[in-house]
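Here subunit A shows up in two complexes: once beside subunit B, once beside subunit C.
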Partner chain A sequence: MAQDVKPTRKELMEIDDRIELSERGHDTLEQKRDGLIMEFMDILDQAKDVREQVDENYETAQRKLDLARAMEGDIAVRGAASALDEHPEITIQSKNIMGVVVPQIESSGVKKDLDQRGYGVMGTSARIDEAADAYEELLESIILAAEVETAMKEMLEEIETTKRRVNALEFKLLPELNEAKDYIEQKLEEQEREEIFRLKKIKAKKEEEERAAVEEEAETSGSTTEEPITADD
Partner chain B sequence: MSTASSSSSNYEYVTARTRSRKARLFDEDDYRQLTRMGTGEIARFMEESEYDEEMNDLAARYSGVDLIEFALNRNRAKHFDDLLRWADGPLHDYIARYLRRFDAWNVKTAIRGLSSGAARDEIESDLVRTGELSESRTDRLLDANSVEEVVEVLDGTRFGPALDDAVDEYEESASLVPLENALDRAYYRSLLSDMPAETDRATELYVEFLRAEVDFRNLRNALRLARSGSSVDPGEYYIDGGRLFSADELGSLAENTNELIARLRNGVYGERLSGALDELEEADSLIGFERALEEVLLAYSNRLSQLYPLSVCPVFAYVLEKEREVRNVRAIARGREAGLDPDEIEAELVIL
Partner chain C sequence: MSREVAVIGSPEFTTGFRLAGVRKCENVPDDEKPTDLDDAVTRTLEDEDVGIVVLRDEDMEYLSRSVREAVETSVEPTLVTLGGGAGSGGLREQIKRAIGIDLMDE
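Moving on to the complex of A and B:
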């Protein structure tokens, strides 16, 4: 890079500005990265809990469904399941965690009362109710897991991006700028030295010319004073 | 799907045939063996039993546990149809009115299928073809393209007026609940209304049994509604015909389980229900209580059949035991398929 840089004072000033800006950016990004990692660790703990909850709820729901199918028959369970007409609704909004936009998922109508499930109360049993209850709980935990895990994914991507930016500044841009700065400074110093040398040279030359001129003048004036000697005698 | 004749009841003939059928039901040892078998072995076991014909007929269309379940349903329908075929006079009526629960089931299956966009074949495979509805009417149910058409098909049947009343509510709410509840309510209403004029002690006890079933159904529904946290008054789902509670009483008692249990212990079923009530007191879940209620009903019907061998009671006891067998074998097969432990499955079975 240094070879592409014009070794001028203006360029040096510009590079100084860029170095200052980059260092400030580097510090800020480092702080952001550390903050994101801390937030990520919190979300990671939450995600672990939520995932455990999903696994646990899934096992419970599946077991209750198996028991309902076993005791009430597949036909009765399928019939009760297909009777549902009001499906749950999901609203996705977004929230901001340290500049990262993550989804905020809100659900409605997941948990239902017995009379809202669409199947008749009189011709069904508590086994079907319990299987439905367990699946509603599972669905709620899946929605929560979707929110937390998407947030975690977004945070992870942002951490990666920030880390890449910090590294780019630390290991690429700043060293290059510093190298360019050193190069310009060296060049400028060299130019200064050359200038001084040139000035010295000019000065010496000038002094020599002046000395020569003085000597010439002295010679000229010496010859004129000897001329008036005439033959009076 | 046969019709009642106007002759007198042929208890001797039907009870003799029922006894022979009852002897072929699986016993406790069979269940113990079945709970330790895989689904393939269960299917093989069934092929060598009462269910061989159904297993062979359905084997080309279904496999695994579905095959077992459909064979059980078809065999049950065949046996119950036989009962209707054999019985004459009031006995036919007693059996038919109980088997109307399958008519209600078939109508519910048809409307649920239509509502969920299921194919005709899928709906048909879920029907249990026994009960009072004729084959042609059942086929018309399957051919219906909308819930309203199903209601039209049932015009002139016992379910017609109830569905006519509920269809407006269905159209307003787009929920099947009003229709399903109307069907179940119509079934329970027809169970006890216009009983034939036979006033022997066995018939009286049979009617008492049916009323106990209505009471237990009311009890289960009220407790389920109360436990689900629903704001609906359990009285709205009250079925007439029981002798234990009025609709208002049931609504208020369901909120207070302790009071309800005390009331049941002091009521007409107190002694028989003590085990079920202990279950209700001890467990959070209603499942154990429901199972205990089933056991009470089954034990009661068996006792009646022993006390009155030439009456409706043995026939009815057979109906319940056949139902129990279907439920138990299905539970074992589905439980084994789902990888449940044999002891866990055995604990869920209703075995007397």
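Moving on to the complex of A and C:
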């Protein structure tokens, strides 16, 4: 890059401005990255708890479903599952954490009463109700996990982008700008030295010329004063 | 806009969710997973009514590289895997890449 820049004072001033701006941007981005990591750590703890809850609920739900299948038969369980007419729905809204838009998921119709399930009480047993209950609970924790894990994904993406920007400034742009600045400063100094040398040379030449002129003048004036003498001879 | 939860997996896996009222279930029997799971996941990802996709963590192995990457990085709908513990669904790898440390390590 250093070879592409023009070694002029104007360019040096422009590079100085760019270095100042890049350094300020670098500091701000570093602060943003650290802030995002702190926020992420908070969400991470929450995510671990939610994940634990999901795994626990999944295990319970599976056990209860297996039990219902064993007691009532697979067909009865599938029949009850097909009879459901109330469906869980989720609404996704968004909130902002340090400039990162993360979802906020609200659910409705997940937990249902026995009479809302639609498969009737007479034809099915309590095992199926228990399995349905357990799966409803699992679904609730899945919805919470989805919210937290999506927030994590979004924040991780932002952290990665910010990190890449910080690194690009720190290891690419700023070194290049500093290199260009050094190059221009060196060139300007060299030019200055050359200029001084040139001036000294010109001065010396002028002095020599002046001296030569004085000598010549002295010589000519000397010869004119001598001439009448020689004329007298 | 209200959305729904979708479940993809073997009929044994989806039955429980249907008991909880989930309508969007893609049943892919175990022996058809290597061939059909990719299509089922792609179909679900393209469905605009779906807000959350539920998959079993072991089933992720059947997905092709591109579909797996698409589902793991998808935000809308978002993926929740079951049975894989903390950091499943590509989250652990993403954390390692972004932060530089495996924070999911217990």
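Definition applied: the second predicted complex is superposed on the first by the 216 of 233 C-alpha atoms of A that agree within 3 Å, B and C clash if a C-alpha of one lies under 4 Å from a C-alpha of the other, contacts with A are read in each partner's own complex, and residues count from 1 in each chain.
FYI, contacts are C-beta pairs under 8 Å (C-beta built on N, C-alpha and C of every residue); 3 or more make two chains touch, one makes a residue touch a chain.
All figures in this text were calculated on a predicted structure; none of them were measured in a lab.
S.K.: Would you mind checking whether subunit B and subunit C clash or fit side by side on subunit A after the superposition?
M.R.: With subunit A as the common anchor, subunit B and subunit C both fit in the superposed model.
S.K.: Touch check for A:E89: first (subunit B), second (subunit C), both, or neither?
M.R.: Only subunit C is touched by A:E89; subunit B is not.
S.K.: Does subunit B (first) or subunit C (second) touch A:K163, or do both, or does neither?
M.R.: So A:K163 only meets subunit C here.
S.K.: Decide which partner touches more residues of subunit A, taking subunit B and subunit C as the two options.
M.R.: C
S.K.: Please state, to the nearest 10 degrees, the angle that the Cα centres of subunit B and subunit C subtend at the Cα centre of subunit A after superposition.
M.R.: 20
S.K.: In the superposed arrangement, which partner chain does A:L139 touch: subunit B (first), subunit C (second), both, or neither?
M.R.: second
S.K.: Considering only touches as defined above, state whether A:E130 meets subunit B (first), subunit C (second), both or neither.
M.R.: In the superposed model, A:E130 contacts subunit B only, not subunit C.
S.K.: Based on the superposed arrangement, let me know which partner A:E154 touches: subunit B (first), subunit C (second), both, or neither?
M.R.: second
S.K.: Of the partners subunit B and subunit C, which touch A:D113 in the superposed model: first, second, both, neither?
M.R.: So A:D113 only meets subunit B here.
S.K.: Does the superposition put A:D55 against subunit B (first), subunit C (second), both, or neither?
M.R.: Touch status of A:D55: second partner only.
S.K.: Check whether A:A70 is in contact with subunit B, with subunit C, with both or with neither, and answer first, second, both or neither.
M.R.: First partner only.
S.K.: For A:R78, using the defined touch cut-off, is the partner it touches subunit B, subunit C, both, or neither? Pick first, second, both or neither.
M.R.: Both partners.
S.K.: Rounded to the nearest angstrom, what is the minimum C-alpha distance from subunit B to subunit C in the superposition?
M.R.: Minimum over all C-alpha pairs: 10 Å.
S.K.: Which subunit A residues are contacted by subunit C in one complex and by subunit B in the other?
M.R.: 62, 78, 82, 86
S.K.: Could you list, by residue number, the parts of subunit B that touch subunit A in their complex?
M.R.: Listed in rising order, the residues of subunit B that touch subunit A are 65-66, 69, 73, 104-105, 108-109, 112-113, 115-116, 118, 126, 174-177, 179-181, 183-185, 188, 217, 220-221, 223-225, 227-232, 237, 239, 285-287, 289-290, 327, 330-335, 338, 340, 345, 348.
S.K.: So in the complex, the part of subunit C that touches subunit A is made up of which residues?
M.R.: My answer: residues 1-5, 15-23, 51-52, 54, 73, 75-76, 78, 80, 82-83, 85-86, 89, 91, 94-95, 97-99, 103-104.
S.K.: Quick one: which bits of subunit A touch subunit B in the complex? Just the residue numbers, please.
M.R.: Of all residues in subunit A, those touching subunit B are 62-63, 66-67, 69-71, 73-75, 78-79, 82-83, 85-86, 113-116, 118-123, 125-127, 129-130, 133.
S.K.: Spell out the part of subunit A that touches subunit C in their complex, as residue ranges.
M.R.: Per the touch definition, subunit A meets subunit C at residues 37, 40, 44, 47-48, 51-52, 54-55, 58, 61-62, 65, 77-78, 80-82, 84, 86-92, 103, 105, 108-110, 112, 117, 128, 131-132, 134-136, 138-139, 142-143, 145-146, 149-150, 152-154, 156-157, 159-160, 163.
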